[in-house]
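Down below is the structure, laid out as structure tokens.
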Amino acid sequence: MLKPATSEKLLCTVLIAIALAVFLVPIFIVAVSSVKPTPIMFQKPPSFVFEPTADHYINLFTARPFAKFIWNSLLVACGSTAFSLTFGTLAAYAISRIRHRRIKDLAFWILSMRMFPPIAVIVPYYILFKTAGILDTPLALIIVYSTVNIPLTTWLMKGFFDEVPAALEEAAAVDGHGLLATFFWITLPLVAPGLAVSAVFCFIFSWNEFIFALMLTGSEAQTATVAVMSFWSSDAVQWGRIMAGSFIIVIPGVVFVLTCQRWLVRGLTMGSVR
Amino acid sequence: MAYGRTRNRKIFLIFLVPAIAVLFLTTIYPMIYAGYLSFRSYDLAKPFVPRVFVGWANYREILTSSEFMHTLIVTFKLMVITLSVQLVLGVGIGVLTAQRLPGMALVRTLLLIPMMISPVIVGLIWLFLYFPELGYLNYFLSLVSISAVPWITSTTWAIWAIAIADIWQWTPFVMMGTAAAIHSLSPEPYEAAMIDGNSRWQIFWHVTIPQIKPVLISLMFLRAIDAFKLYDIIFVLTKGGPGDATEVLSMFIYRQSFTFWRMGVGAAASFVSLAIVVVLITFFFKSLNRSQERI
Amino acid sequence: MKYANIALAAAALSVAASGAALGQKQFEGIELKMLGIGDTSVTRLAPLVDEFEELTGAKVQIDQFPYPGLIDKIVIEASADTPSYQLMWVDSPWVGVLGESGALEDLTDLAIRDAEEINLDDIIPIQLQENTWQGRLLAFPASGMIWHQNYRKDLFEHPDEQAAFKAKYGYDLEPATNWEQYIDQAEFFTRTAGEVLAGNVLEKDFHGNAQAYSRVAGAITHDFFPIMRSYGGQYWDSETGLCAMDREPSLRAVDVMKRLVQFNPPDYLGLMWDIRTGYMERGETAVSSYWSVRTVRLTNPEEALVAGIGEVGYAASPTGEDIPQPTMTGALSFGINSKATDDEKEAAWAFIKWGTSREMMRRFAEEGNGVSMFHRSILMDPDLQERYPYYQVLLDTQEHAQRRIFHPFYADVEEVFGVALNKYMAGEADDPQAVLTEACNKINTRLKVFPVELRLRWIADPPAEIFSN
Amino acid sequence: MSAIILRNLVKRYEADMAVHDINLNVEAGEFVVLLGPSGCGKTTTLRMVAGLEDVSEGEIYIGGELANDLAPKDRGIAMVFQNYALYPHMTVRQNMEFALRPLRLDRAEVNRRITETAEILGLDEYLARRPSQLSGGQRQRVAMGRAMVRTPEVFLFDEPLSNLDAKLRTKVRWEIGYLHRRLGMTTLYVTHDQTEAMTLADKIVIMRQGRIEQVGTPEEVFVRPRNTFVATFIGTPAMNLVPAVSADANLHAKDFSLPMPQKFRNHVPEGLEVLIGIRPSNINLADSGPANVFAASVRGIEYLGTDALLDLRVGSEELVAEIPAILRPEVDAQIHVSFDMQSLQLFDAKTGQSLESI
């Protein structure tokens, strides 16, 4: 690529520093606020020097069983990820390999499942899950999130499968392997980065989702996002706890970004170009 | 992928079935139910309000109401603002961070963090920053002698406040796509352009942009779908206010369905929304095909 | 003292459990769930549910949800045939919609049956009336509220300020009894940085008043309606049952709020619940009127800086032109899902009795949660009055208070007027009459579907039948 | 070893015919090359034999068994792909092991085969490497090794040398020839390179537009091409074709005449429009004088080392001649040439078919 001159390098550094500041300072403020005593939470001008307190974090875990809510979030996120990844990957493989002129319509139908406004289906879901007796269970959320995550996985993975050279699978076929062996031993290992990126996106979506989690759970399956919002009450918005909870909820995203950046980039561009 | 032998086709169908079955089972009932509701007067909170078939009345009400048109305008306005700023900023930062310099990978990684955060939390974070008197944002602005901006409390600023929160969250998405697309380009056109003596700006505009255009179009398309579903941030930041300044489509659906409990009107609005998104997507596929043919 | 209370409660419960042998747990095996919230009416009780199980054998689980979205959950729950929740947290204006749809169990007979046990005579009647629909008691108060004014006592009593005020306005600086005085005081105390307030040079701007102007969760209507009522305004037309909130009293209330804007913080349009109370709690405003659920904070230096800066005084909310009009009440209450089984209902009622009992309330007050009491004896307790100086105001004003709006279309009112008023205050509309009329029309189109008898029934507020015994 | 028989084989894509009615016998142990320009259907034919494409019509027999509906894995074949199709996430050894897995051999046998194959192909040192760590030639050998290790009945090659540079290509070509002679497996080999075909094949199948133009030994297709397509496709530089008319036992081209060669005299009718086929190597320099010697002008010369190519004009006819380089004249020189009448070919100008009697 182009080699920048020194003066340009300086300009770039400055611009990048600004970008970093803009995108990271809000998160820094969350971190600061999560250890700020309540009386000075809002002050003009905001105080940055104060004696930090762990009260909000302690309250978060004592006022409500926040650890359980985190566990619920994890359960729902992992469950939906596993579910969506399995079904979405299989479907994506089939869509990528079947040669039929209607297959595009099918792919479009699957994708269109993402387009319906979620608010409109809350009540039907409520009735459905109530009847099935799985309201306020992680399973209900796993199912709902999968209707969003399966299309996403299918869409992303199709891009990856399209990139796998046909000759590799043909080679395995003439080497005497059936379709399943070929899929599991040749194709799947080759799209591992795609699996990783799909998993991250599924996980993050499920982990972050709010409105379904609010409407379809009670305290059995309540997720961390809803729990954090529940500190927005009728008589007070408990900003300290909200900030502490938010900071905890942000952590998995940061971890994923730090560990999977390379795959994320590849996955997103591949999935979206194709 | 040529060996679509009959037996393989069977296996492919078996592969397809679970996903389709799950999607079908879990979406078809809610959607049929919503479709059924959209032709009825149905107040969930007030069983004493007659629940009757009303034909196209709900659709007619929506499509003729100035309120709905207002929400459409706000939605599109917000979409245009967020998409264009995300595009410009995202491509700009993407190009900056695509340089192969030490530390750039870490910078790119750090910049991705906002898009990993729950939209509700993003709303809460920005609400916290936006408080006009007490928030951090105006404090920072005052440090550089910019007078306080009534972010979420002014009917003119509120839409920008929403836009900024959305831009903050999703610019990294465009940035990441841009950086990756640039990395995947072959160097030849650049070398040719340099030999031809083009300026950096010309190269960017005539060589880079046309090459990454398909990627940009897909990114914008994904953002456009989400722009129609944008909900959490507004739910937390303004609830559609002040006045009705940030009353977007999804807030309209929410208000009709869960504040006024007019489930039928809400369902009808959802289908109108779906129709708009589908039209958008068809348009997108067309333009994507066109831009790919050109390359 | 504490244990004595518990013993008392236990005894009371065992009396209610007629026929049950002492020591045997009456509701063994029953599990109750409450669709609740994270406010003080619930959070102070939530950690104690084990004590209830200890007493009765019934297991209670309180699910806490954010206020935005809670009524949505309640309505959806109420529309389901088999309940997931037997207990519901209810904000008193919701009683109309939940009552008319039959979602809540009628508690009238139970309350009459157990009148002695629940100290019915000691409960301020308006707090019970607040929870009635068509004369029937549908929920039981867990926290009663009064809309009253808080003022900076230290500033009001400062000699320099008193003198200056008298010189400027011609009357003494005392808690406002009408809105004109309130506006004067708001104007008087609005100072910019560098000016002197009570002998100190201000480092930053000081705002005379902080009221809610935000439409988030209908906040603006919660300040607007009490002012409207203080001018004698009515929600509904008594002849037609249609919207009456566009008449003279409403216009005057709009005018009061509009005139107060300039003495409010510049972010007045964003002042929702706690942002507005925050100004008072940090000692950054001179007067602010709001629901008493937050008042307790003003006495606690860990929650409010003002406790370390000055002193807060409490008074009844101002009236329109000194024509005494009742203050507004509100209640945060517990109700029972009408679709619960009989056993569950009985257990749920036992829980409500236990959780809202006078003993429990006193225990909360002694532990520092002196929020919104509704038992006369507690509000009159000298020790507690010492600790919670606003108790006297609550006591005085509740005696002639009036209940809030309770119409089945309350949510529509809150939302439509929230948007309309917020728009007007933002300067988006010039003609207050037009704004109010348009809002009324919007609500009327939804009401006109119904026959006038029904509409009139919806606005009727017959005295609760628990009092007729 | 299995023989392969193709009977009336047809492949249709939607409306397009990719392969028309192919009939071919590949004897057991025979090395048959499918040769033709790109798009001629040779790869499609190969893939049908492999089972990678469905057969639209006709039959394929492998080892006497109808294979149309057999999955690739059940056909007893091995295939080497153009891009090698090595599994990038496996080492060389794992690539071979994976190919052996369906045979369910015991561990010792697997190791024995891999060692043996690696030895034959000189891959011993590379067994632990991944394909990305190998050179093009090495990858090619791994691809062959992966096919060989299974000791298949039938070996299929799909342009296996096209990704190699010229020098390596010759070397690997030798290796393939050597391996075939040593192992004697039935081989079907697709290429567009006639050198590969000529050097490797027992039998060449020349295809064009989905049809077989000629089947024969390398010598047959070179010496007796059945039509002008084969005539010009085989041989570098291509055979010269000169339009002429037969009359009075002579061939009259526009600017010169030749006597009709003996072998055609009896069955080429008078007045037939023909094409005279002369290979460049059959045009010789001659002294002026005797019959059948023609004056020519030299328009250009290409020096090839041992030989040189002359761009000649005989009258208005353009001809290419290949002569020993030491004899090469100057550009623009006026020279004389003669044709080797024994190797002259005649084709019907209308049909392009050879006029040689069978």
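When the chains are written out, they are named A, B, C and D in that same order, and each has its own residue count from 1.
Definition applied: a contact is a pair of C-beta atoms (placed from the backbone, for glycine too) under 8 Å apart; a residue touches a chain by one contact, two chains touch by 3 or more.
Predicted, not measured: the structure shown is a model, and the values here were computed from it.
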(request) Find the chain most remote from chain D, comparing centres computed as mean CA coordinates. (result) C
(message) As a test of whether you follow the contact definition, which chain pair has the most C-beta contact pairs?
(response) A-B
(request) Return the distance between the CA-based centres of chain A and chain B, expressed in whole Å. (result) 15
(request) Please report how many Å separate the Cα centroid of chain B from that of chain C, as a whole number. (result) 39
(request) Would you kindly tell me how far, in whole Å, the mean C-alpha position of chain D lies from that of chain C? (result) 94
(request) Could you put a whole-Å number on the gap between the CA centroids of chain B and chain D? (result) 58
(request) Could you list the positions in chain A whose residues touch two or more of the other chains? (result) 42-44, 122-123, 127, 170, 173, 211, 229
(message) Residues touching two or more other chains, restricted to chain C: which are they?
(response) 68-69, 72, 76, 275, 278
(message) Give me the residue numbers in chain D that touch at least two other chains, ranges are fine.
(response) 51-52, 71-72
(request) In the complex, go through chain C and note every residue touching chain B. (result) 68-69, 72, 75-76, 78-79, 97, 100-102, 214-217, 265-270, 275, 278, 408, 411-412, 415, 418-419, 422-423, 426, 428, 446, 449
(message) Help me check something: in the complex, which residues belonging to chain A touch chain D?
(response) 165, 167-168, 170-178, 181, 185-186, 189-190
(request) Show which residues of chain D lie in contact with chain A when the two form their complex. (result) 50-52, 71-73, 75, 77-79, 81-83, 85-89, 98-99, 101-103, 146, 150, 156
(request) Would you mind writing out the residues of chain B in touch with chain C in their complex? (result) 44-50, 130-134, 148, 150, 152-155, 235, 238-244, 255, 258-261
(message) For a test of understanding, state which residues of chain B touch chain A in their complex under the given definition.
(response) 1-4, 7-9, 11-13, 15-16, 18-20, 22-23, 26-27, 29-31, 33-34, 44, 93, 96-101, 105, 107-114, 116-121, 124-126, 128-129, 131, 133-134, 136, 139, 142, 168, 171-173, 176-177, 179-182, 184, 187, 190, 200, 203, 214-215, 218-219, 222, 225, 228-229, 231-232, 235, 249-250, 253-254, 257-258, 263, 266-267, 269-271, 273-274, 277-278, 281
